[in-house]
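Input: a single structure, listed below in structure tokens.
Order of writing sets the labels: A, B, C and D. Residues in every chain begin at 1.
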Amino acid sequence: MAAPTARLVAACPDRPGIIAAATAFVADHGGNVVDLQQHTDHHDGAFFLRLEFEVDAFDVDRAGFAPAFAPVADRFDMRWRLGHSDHRPRVGLLASKQPHCVHDLLHRWREGDLAIEVPVLVSNHPDHEAAAEWFGVEFRHLPIVDGDKATQEAQVRRVLREHGVELVVLARYMQVLSAEMCDEWSERIINIHHSFLPSFQGARPYHQAHERGVKIIGVTAHYATAVLDDGPIIEQDVIRVSHRDDVDDLRRKGRDLEVAVLARAVRAHIGDRTLVYGRRTVVFD
Amino acid sequence: MAAPTARLVAACPDRPGIIAAATAFVADHGGNVVDLQQHTDHHDGAFFLRLEFEVDAFDVDRAGFAPAFAPVADRFDMRWRLGHSDHRPRVGLLASKQPHCVHDLLHRWREGDLAIEVPVLVSNHPDHEAAAEWFGVEFRHLPIVDGDKATQEAQVRRVLREHGVELVVLARYMQVLSAEMCDEWSERIINIHHSFLPSFQGARPYHQAHERGVKIIGVTAHYATAVLDDGPIIEQDVIRVSHRDDVDDLRRKGRDLEVAVLARAVRAHIGDRTLVYGRRTVVFD
Amino acid sequence: MAAPTARLVAACPDRPGIIAAATAFVADHGGNVVDLQQHTDHHDGAFFLRLEFEVDAFDVDRAGFAPAFAPVADRFDMRWRLGHSDHRPRVGLLASKQPHCVHDLLHRWREGDLAIEVPVLVSNHPDHEAAAEWFGVEFRHLPIVDGDKATQEAQVRRVLREHGVELVVLARYMQVLSAEMCDEWSERIINIHHSFLPSFQGARPYHQAHERGVKIIGVTAHYATAVLDDGPIIEQDVIRVSHRDDVDDLRRKGRDLEVAVLARAVRAHIGDRTLVYGRRTVVFD
Amino acid sequence: MAAPTARLVAACPDRPGIIAAATAFVADHGGNVVDLQQHTDHHDGAFFLRLEFEVDAFDVDRAGFAPAFAPVADRFDMRWRLGHSDHRPRVGLLASKQPHCVHDLLHRWREGDLAIEVPVLVSNHPDHEAAAEWFGVEFRHLPIVDGDKATQEAQVRRVLREHGVELVVLARYMQVLSAEMCDEWSERIINIHHSFLPSFQGARPYHQAHERGVKIIGVTAHYATAVLDDGPIIEQDVIRVSHRDDVDDLRRKGRDLEVAVLARAVRAHIGDRTLVYGRRTVVFD
């Protein structure tokens, strides 16, 4: 059994001495670094760090980390957060009718494949109620009544708050979120969207992809922002297709890809491997 | 040593009996089918066929094929062409300054990896002269003088015609072709372009891709049409990238991908595996 | 909605006229070929065919196909089988303790992603009972008592027979099957095994792979034969790993790969896309 | 233009404070860390580090690094080496008859795609003489006379020494190296070998792979050791194949894979991204 670790994820303007200061802080307090990845983007002069260290002999408790680390953080103008390997983030799932992503995430949760808690599954449709019961997650059916999306979203946000949700995963949730909701869980809402080469405007992208004879279809997972499908990219993947694939085949292959890409994006997030910087996400290995 | 084969590539409206008629024609004349791929697109009611047969005992000569096959072709309203495995298509290369695609194609030609002839390499820059000499291909430097692109393109087309070029490969040729030139070698000009997820408008796509933090970059090979980078897709591929890749790394990975995708597209074309249908290319395996 | 189709899968010694005869038979009886893939292996002189045709106007019923087709089959010494797109094969699942493959296949069955029936799930452990109930599949717990594997296998085979199982899928079933059982469901038992580069003898392959620093791990799906993990290969895939992946990470990535490769192998089988020839499986696209 | 950097690559038993000490050393001497990757293998208690830092303000010169760094290295029992981004390693190429890898590496060298010098190309066959002249590399034809491999290898080693070769790349060199030669350039000879799933003993692996119906073929680049094809793995990759690929197609696809995998392995080595530890190679991203 691996010892519990803390993961410090940080970004700041580049200058000499940052790693030395951060690792000296850890070592001075009895921590042992087990994985460190650091990268400097020359173009932006930006420094990115993920530092994972064993905490069994670390003499600063979690509540005390921020004040203890403040001198280092302040000196380098650091934006940082700290996660812990023994903390299972509370993940709220939002879904519409399609089951593939919901089902995969609940299965991974139950089997311990993803170190998360899933306190609630919210949907604007009733379809997932039985699955929720089977997996042992509370189900909240919050339909959009009379087209009043604002009221429904307010209900959704209340439910997420009541359940202490730290990460929202849109598991094929076919509603556009308001800018306010994206702000409330900023960099903590993961969504996926189709990615085609070339990209297609308008409706029925799989039909267009088929008509255009694309050889590859793709999926992108991103942090939701106010601009639809434009948030910082966390993970992408593609699959080869051919003229033998009809539109239903494309959809089916797309579903398998959505499942895989979304699970990998969630894993990166809960492993404190993601760092949003401007319009992009630095994803540490 | 494999026996020489002919490859019949055909498209027509779908109806019963097409394959039976085509294969009976081949069998009745002593041909032996060694590879047949047929697909019907239900959505379009379109029938696609690639039929490869050994010709050593085939009693119709090449000049006589069209009239002999006409009854079958007419009966099914077939658009078709016939290629032969022992015919090495004459490929004209067009390039600007970058050497990677030119070099790879010439190397494959010389080593017999691609069953082509390369009678001429045309460039608007002088850079490839020595390479052309080394590989034993005629080099024609046709610069654009005083911005007169039309005159230069007319020269290019004349050179291609003089060399009996059957297939034009744009091996990083940074000039836009006129609609007239695309028409003259319709479905016989292969080009490549970057493909990003998401796609980027405007200049310096690699810079945009880096800034946007894309995790995958791609390349598409297509048949050139009058609309830039919009022709029927022949082949696509992608490669994973990360925040550790700076813009130069993206360019370098993109080059390797361009080489691979362009060579595969040329191989598909010369193997009579491509069939343009509307805005797409059916590519048989 | 696509019309129902029949799929003729056949192998025979190569000679001229086979396709013409087969497609003429289909056309003469009112069938319309919608997808045909044929390949000749020159080295072996072997002819492989998959011919899919619409049967709504086909004037031979299913019981009558064999006698009607016999003249063609006999003339070319053909080994063949006929499947139908509207037939949902009865799949018996065998599993031990691990849930990932069982769960994925049951989910795909229920969602209609795989056109199968799953009448029974058999296990030598009780773990999957609740899952079976939830998915609505009969569960049979058949433990190995006092190390008597032969008796347990006899029970398993009886249960599979009673449920009319046409395809057996070993969804992480950790028991070696007898040659007799492999014979009874010859070319109708699908199993998966690890595939490493290089391969490792002996126990704990993931430990060995980690120690050896492999950069890729793989999974192979095959038809079970009397020689363990040596049957004809249906599908393979790999995933990249690195020194950052500990043994548990390798196992986790291996599980995701097992799920994907097994589902693709099952899909190929039920789509009548596989044809065993000697030690190999020809898999039509 | 990026500033020149030094790369410290190190392994030692894990204990707290290593990174803090190493980065403090760099910072104290005016270096600025631009990329750091560290990983601890819990199973082995082993610590791996790659630390890249800008040297323009670094106040220790190259000759002085070892004594200056000795206190840190000694304290942690560190095995380490230091490379520099502005040093172009002298690469000696060994090849037999096949040109694809030789040609690709020489092309990458000339185009600046690989930051190396290639002072000499040695072959036991005369085939590459003209190519060597064209690329501007000295060619040494050292045939094996009367089966005397030892004498020829002694000549090869002398030539490599005379040219100050730091890295030996076996670009399809079909001779087995002696243990002595592997020792002389220990962890500095890169070779490639086929990797099949399953692996095949004996001759003609592509024939066996075809007969067995493998769906994937692979290539592995490794550091040569006295045991053939068993050295620490640097890079691996695979490509999908099908029953349509005959043995020549497998060979051709294998060649493209060899070119790609070998170039990536060389790039990893010269970028000081490889660290041999026991039987494996840690490859930093």
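The criterion applied here is as follows: a contact is a pair of C-beta atoms (placed from the backbone, for glycine too) under 8 Å apart; a residue touches a chain by one contact, two chains touch by 3 or more.
Treat the numbers as computed from the prediction; the structure is a model and nothing was measured.
Undergrad: Is the C-beta contact count larger for B-C or for C-D?
TA: C-D
Undergrad: Could you work out which chain's C-alpha centre is the most distant one from the centre of chain B?
TA: Farthest chain from chain B, going by C-alpha centroids: A.
Undergrad: Regarding the chain A and chain B pair, does the interface count as same (over half of residue numbers shared) or different (under half shared)?
TA: Same; most numbers are used by both chain A and chain B.
Undergrad: Would you mind pulling out the distance in Å between where the CA atoms of chain B average out and where those of chain C do?
TA: Between these chains, centre-to-centre, one finds 37 Å.
Undergrad: Could you grab the centroid distance between chain C and chain D? Build each centroid from C-alpha atoms only and quote it in angstrom.
TA: Whole-Å distance between the two chain centres: 41.
Undergrad: Going by the touch rule set out above, which residues of chain C reach two or more other chains?
TA: In chain C, 35, 39, 42, 242, 244, 285 touch at least two other chains.
Undergrad: Okay, in this complex, where on chain B does chain C touch?
TA: 2, 14-20, 23-24, 26-28, 30-40, 42, 57, 285
Undergrad: State the interface residues of chain C toward chain A in the complex, per the touch definition above.
TA: 35, 99-100, 103, 107, 111, 113, 134, 242, 244, 252, 255-256, 260, 285
Undergrad: For the complex, give me every residue of chain A touching chain B.
TA: Contact set of chain A toward chain B: 39, 41-43, 48, 195-199, 210-216, 218, 220, 232-233, 235-238, 242-244, 246-247, 277-283, 285.
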